[in-house]
């Protein structure tokens, strides 16, 4: 790719805090994320998962601390992409949503259509290429958002609760696409509160409550023996604040 | 200002191509004059009758902007017309005296009539005395519509009230309605209200929405309505097409132009009576 | 126009004067809308996508200008274009160009204000995705205008309706000159003042019909665009 020279990884959050008035949304987060198996960010609602992803994407600047992508500060989002919890569809056809993303990623005009069709094939939307994107179902929208994100040939792909509002079958299709991307070498950071999903996808787990990273561990270790009482309570299905 | 000019210039640059196809209906655009005239000459159809004849003969297209006499003179004062053709002699002479016009020529006359409802609540029908009729309307407090627009007809109306020793415009009274509009609008209003109104005969004859209105007073010499034509002074406004404008004036007061005016009739009635002085040398 | 002819006879008989008037009306109003769109759309987009001190006041003023009285616009343009005015040397008063300028001024705030609203609403939807995709300012405007095109078309139609229906500016700056600057609306005003109310009404119905035809064409365009696209 044209942007090979820029690296997004490692992603480093160095003493990152995000405050709104007196409320700490993120509180002294220290994370260094390398290439490898997917990182699953789990924790109760309001624990700061979404804010963590937005900071990691560069959408939100931290009030304290630094974020580095491949050793660079304030790097434009060249080979990283974010799929929002509720992705917004451009008011165009499904295919045009993908070609738009390809164009933004610097794909030459002549290659856009074949590449967009290949991406739609990859997310299982090839049959709906001519449909108006806003008219898609929730699961289809998530898959189209994934296709747009993958159009950027990301080195780092951030996903915010991508299956939160989907039925189990749709959720599985999204997970399969994410799994394939991970297998192809894309670094995945995925926020979820679905423990089953975390077990299925995780290489490692980052557990958060109240804006802090409480625990970070390889998935088997985390699920077998969580180190903190909060994580134990969360895994047991108790309400954790 | 400079900025606004640039914006406008850009606008014009965008507009002009759209007119490539518009040049055709505006034929002889290069050889045309603008005449500021009155609603009575336009609405009565006089221009529709004489201008094609003039254009055929001279190749000069005449664009008529029909306004009240006061507004027509103002248009000419600003230099937006080449010729004025109106009917308020005192105002016309002032216009020439101020240097805006070259010279005034009598062209033709028609007359005013007092129009009112057939029921005639003020009882003026058959009176040959215009001021006496107005006095009766005032006494009866019968509805009266005034143009109120500084036009030639309005000027004549105010002169008649003055000669009758009355001043309803400033004394008020809700029977006197000043509408500030043209002759046609005044007739429409009078027709709707069954009111009296002073109208020029030409507009009256060509007016179609008469309702119960009819001519009640006519024939008084004071109802005489003289039209004059003036070339706008090129010394004041250098862009005035003096040659073409003068050609139009010369034609209007020539025997041929005068005959053409006399020939215009509606339902057999002659609307305008040419009375230009013998042509100067 | 013949004294005894009714509007229907003129329409059915294909009266050339009537069609010249209709043509002029359409050329003037459509040109005015095109110019106003050229200026107003980017202006609306700019206002939608930028923030600066006093932006709220600018939006309020712009929205308020949608109610500009045609007579006031006509008078302003008249004073500007009159031989005694600052642009008098152009000799544009009492020409179709003057009518286009005046109507463009009249319609500009409508198009700019509606475009701003449309694009701002869409931008609120798109903002996060565009930032995440790294879409630059030019790309943003292009994408917002394209995706909002059907709503923007409605803004253009609102502008066209206003321009085609108004009589105030074209009467003042056009002068209602027979065969040169007479439009449908000034012809209606003229026939009304001549007391020929049936003819005036007939012309009015014809004008409404033409405005409906333009709207129907736009609607068809939209329907075809929405259902017929494959890419």
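The first chain written gets the first letter, and so on, giving A, B and C; residue counts start at 1 in each chain.
Going forward, a residue touches a chain if its C-beta (ideal position, glycine included) is under 8 Å from a C-beta of that chain, and two chains touch if they have at least 3 such contacts.
Predicted, not measured: the structure shown is a model, and the values here were computed from it.
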Chains touching both chain A and chain B: C
If you take the mean of the Cα atoms for each chain, which one ends up farthest from chain B? A
Chain centre (avg CA) closest to assembly CA average -> C
At what distance in angstrom does the C-alpha mean of chain B lie from that of chain A? 79
For chain B and chain C, let me know how many angstrom lie between their CA-based centres, rounded off. 33
How many Å are there between the centre of chain A and the centre of chain C, using C-alpha atoms for each centre? 47
Please set out, as single numbers or ranges, the residues of chain C touching at least two other chains. none
Residue numbers of chain B touching chain C in their complex, please. 1, 5, 8, 11-12, 14-16, 18-19, 21-22, 25-26, 34, 39, 42-43, 45, 47-48, 63-66, 78-80, 182-185, 187-188, 191, 206-210, 237, 239, 266
Considering the complex alone, what residue numbers of chain C touch chain A? 122, 125-126, 128-129, 131-135, 139, 143, 146-148, 226, 229-231
With touch defined as at the start, can you tell me which chain C residues reach chain B in the complex? 3, 20, 23-24, 27, 31, 34-35, 38-39, 82-88, 90-91, 93-94, 96-97, 100-101, 104, 175-181, 190, 192-197
Provide the residue numbers of chain A that touch chain C in the complex, in ascending order. 57, 59, 76-78, 81-82, 84, 87-88, 90-93, 95-96, 99-101, 104, 113, 129-130, 132, 148, 152
